[in-house]
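Below you'll find the structures, each written out as structure tokens.
In the two complexes below, chain A is the common chain; its partner is chain B in one and chain C in the other.
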Partner chain A sequence: MKYRVVVRRCKEGWGKPEYKSYEVDVDPDTSVLDVVEKISLEMDRALVFEHACHHGVCGACGMVINGVERLACVTKIGGVARNGIVVLEPLRGFRVISDLAVDKSRMFKQYALVKPGTHEKVNGVVGIEKLLDCLECGICYSACPIANTFEEYLGPSVIAMSYRSTIDGKIPAIIDTRKGVWACHASFECSARCPADFKPGETIMKIRKGLLFGKLEVV
Partner chain B sequence: MRMGYVIRSWFKVRGRGLEQVSFAARRLAGIIMALYFLVHVIDISTVVLGKEVYDAFLEVFTSPSAIVVDLFLWAALVIHGVLGVYSLVIEMGIMVEKRKMLLALSWFIIVLFFLVGAWVIMNVS
Partner chain C sequence: MSLLKHVVVIGGGITGAAVAYDLAQRGAKVTLLERGSIGSGTSGRTHGLLHSGCRYVADVEVARECYSENVVLRKIAPFLFEKNGGLFVAIDESDLKYKDFFLKKCEEAGIPVRELDRNEALKLEPNLNPELKAAVLVPDGTFDPLKVVLSFLASAKLHGADIRPFNEVVGFRMEAGAVKAVKVFDKASEREYEIEADFVVNATGAWANKVARLAGLSVPVKPSPGVMVALNARIGHRVFNRLNKPGDGDIIVHHRGTSVIGTTSWVVEDPDRVPIPREHIELMLRRGEELAPIVSKLDVKAVYVSSRPLIGAIRASTGREVSRSFAIIDHSREGVENFASIIGGKFTTARLMGEKMADFVSERLGITQPCRTADTPLAPYWSYFT
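On to the complex of A and B.
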């Protein structure tokens, strides 16, 4: 089946982005990531995008597909095309490096702020490792209207990770601040778009409840 | 951060869930009411310009076409108020698991309150 894939292109030094369209003939079950790779290999070698695992685990290929944040590798083109058209844009809330690739350091930097991390170190050795579902794809940042507009906000995934990695009901002080749980305004788009069903929105509200009713201790 | 980007982020509803749509509606209604408050302050402050000027403004606000504006403002007030209460409950971490039911109930109350208020606005002068 024929599709028109419109990609938001933006390179360093460009004054403003431009949208470039490509005609592809693929099966409706083809993943959007495979379509992007086809475009890259056969039509436009300069198209920049991120990918790695191709099966929804690494979180590298998060992008905005027809207005909604999704992992391109597990999204079938036939399921998202509108009248045969698919518009691809980079995740919102992050600096665009080039085309569909964004700089997620804004999110990764916040992980350093949150103590403890997922690895509890005891005497320099990993004592306990909690395996959490978060893919660190950045989709929750892109979907969240607050993370999009309040740059200091720690972000949904970081807050949820920090809470779930605690073992004794103690949360880092930074979580109980304006740039932590109190920035959230409960639009729950983070949870709705999360490809791993990590439910960061629900976790944020759980932390708030714990703080309000004295069930959580801030350290 | 550019204002256009902020506005687009707040009011992005295409492909979004009812919770994001409600977030956008509540925020938009709040902005409308804040602007109305500003207009209202300007309107009542015209009293210092004399009775004639103030009465002229009052005439505008009591004209039949102003009913449409009244209905619009009433809708904004009800949306902001009811969704505000919903938000207060959810943002305290209460009933988070049942929030979709609570949100549906909130919109039902919004429609109900709007209809009752609209009837009063159009029939009681």
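On to the complex of A and C.
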């Protein structure tokens, strides 16, 4: 199948971004990421994008595909193309490094404030470790109306990770502030777009309830 | 500061990250160049298996090395791994025949394993084939590959290393039998620049020969791809291995919310052009179903392929006969005195590869600091970004 892939490109020193088209001939079940990689190897060696695992566990390849945040590696081009066209843009809410790559430090720098663990409890099984389902892809920041307008917001994933990895039920005090759960306007865009079904929105509501009813302790 | 020796490491996968970290910790000035994003080559596209070494027991030395690195990684970065172990499972008679050899070799390699009876195995992992004939519990683990690479790089940055993704090496400036400078294309600014180097380490794995050719050198690497199939659900806590010699589709690795069946092995010329053979996907699903029948009920989330950087000095057609251990190629034999390549190895043994490569470079540059990476906790991956 022939597709036209339109990529928002932006390089250092450019006043404004430009949209560039690439014609590709691939199977409809090819992932958008494999298509982008093919373009970078065969048509445009300067195309900048992030990727690593290619199977939806590392969170590197989050991007806006035809207006919607998705992981490019688990998105088939045939499923998202409209009239054979796929428009690719970087995630919103982050500084663009170049083309489709964004600087996720505004998300990762919050980790020092809440010190999340990386493992979560596995229900019903003792002695088993499981890495959090959160891929740390940044898609929830891009989708969140608050994260896009309020720079200091801890962000959906960071709040949810902090809560889900807590062992003693105590949460860091900063979560109970205007930068934490009280900034959320409950649009649930984070949960709607989350590629790992991590449900940050629901977790934020659970934490609020816990705080209101005195069931959660802050430290 | 100008007295510091400057080492340019090419390749932002796990090997380059481990080399950069080790050299930076010993006091070298390190710049790491990666043409794409971090972990975007083979490293990011691994299974995510922290090897116990049991898969390689046919070669006891390799197995022992693997297990000892497994123990080191658990100790220096417990937060990166699901340390749940793995099971080697016998499904048919041929598997069962392999069991005594397997147990004997595990003992020789010093890997702590324990045989389980059928009921015990199924209680631990209900999705395993209920017809299983034997099961052995081993110290495997799993991880998200990108986060491990980032942790090594975050640690390198703490020691002053300069990490440059999206910076592709396009050539070398040679002077009097040495690399004087590396020519780089910065994709973010679309500009070319040069960076002077006292020593260059080519840690580009399956791409090592492509990079070496830019300096008129060659590296005997055999890019050996393997296909992996990720399922849209997670079907176990511990790694599922087929109790037999390594073969196609004999392992299922679980991490986060997914399980991955792997893998195959063949040899290609160019790691940038590897189509995924459809029959490999079908083979993975069929073999995966033998280990865990539930595989047939699940959808495929993603199919991916990555090329192992196998050492190709020995002629081979499938890539499985050649050594899985690593090799350092000293290009001074070809007339370039400050250039070395490192190929082979496994994700699990990358720290050791970094140590040996840094030993080699240190000797050349007169750096006297010893390796400390096996005893120093790794920095968390998120500090890479801050």
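The rule is simple: the second predicted complex is superposed on the first by the 203 of 219 C-alpha atoms of A that agree within 3 Å, B and C clash if a C-alpha of one lies under 4 Å from a C-alpha of the other, contacts with A are read in each partner's own complex, and residues count from 1 in each chain.
Simple rule for what comes next: a contact is a pair of C-beta atoms (placed from the backbone, for glycine too) under 8 Å apart; a residue touches a chain by one contact, two chains touch by 3 or more.
Computed from a predicted model, the values in this text were never measured in an experiment.
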If chain A is used to align the two complexes, do chain B and chain C fit next to each other or clash? fit
May I ask you to decide whether A:Leu132 touches chain B, chain C, both, or neither, giving the answer as first, second, both or neither? second
Answer with first, second, both or neither: which of chain B and chain C does A:Ala52 touch in the superposed model? second
Which partner does A:Ser105 reach: the first (chain B), the second (chain C), both, or neither? second
Have a look at where A:Arg208 lands relative to chain B and chain C in the superposition and call it first, second, both or neither. first
Scan A:Arg92 for contacts with chain B and chain C and give back first, second, both or neither. first
Students often get this wrong, so check: with C-alpha centres, what angle lies at chain A between chain B and chain C, to the nearest 10 degrees? 170
Between chain B and chain C, pick out the one touching the greater number of residues of chain A. C
Minimum C-alpha spacing, chains overlaid - chain B and chain C, in Å: 22
Could you list which residues of chain A make contact with chain B in one structure and with chain C in the other? none
Flag every residue of chain C that touches chain A in the complex, lowest number first. 36-40, 43-45, 48, 79-84, 143-147, 149, 166, 168, 185, 187-190, 228, 230, 237, 255-258, 260, 272-273, 301-302, 304, 306, 380, 382-386
Using the touch rule from the top, collect the residues of chain B that touch chain A in their complex. 1, 5-6, 9-10, 12, 14-17, 19-20, 22-24, 87, 90-94, 96-97, 99
Name, in rising order, each residue of chain A that touches chain B in their complex. 66-68, 92, 145, 148-149, 151, 184-189, 192, 202, 205-210, 212
For chain A, which residues count as touching chain C in their complex? 11-13, 31, 40-41, 45-60, 73-74, 97-98, 101, 103-105, 107-109, 111-112, 117-119, 122, 125, 128-133, 135-136, 196-197
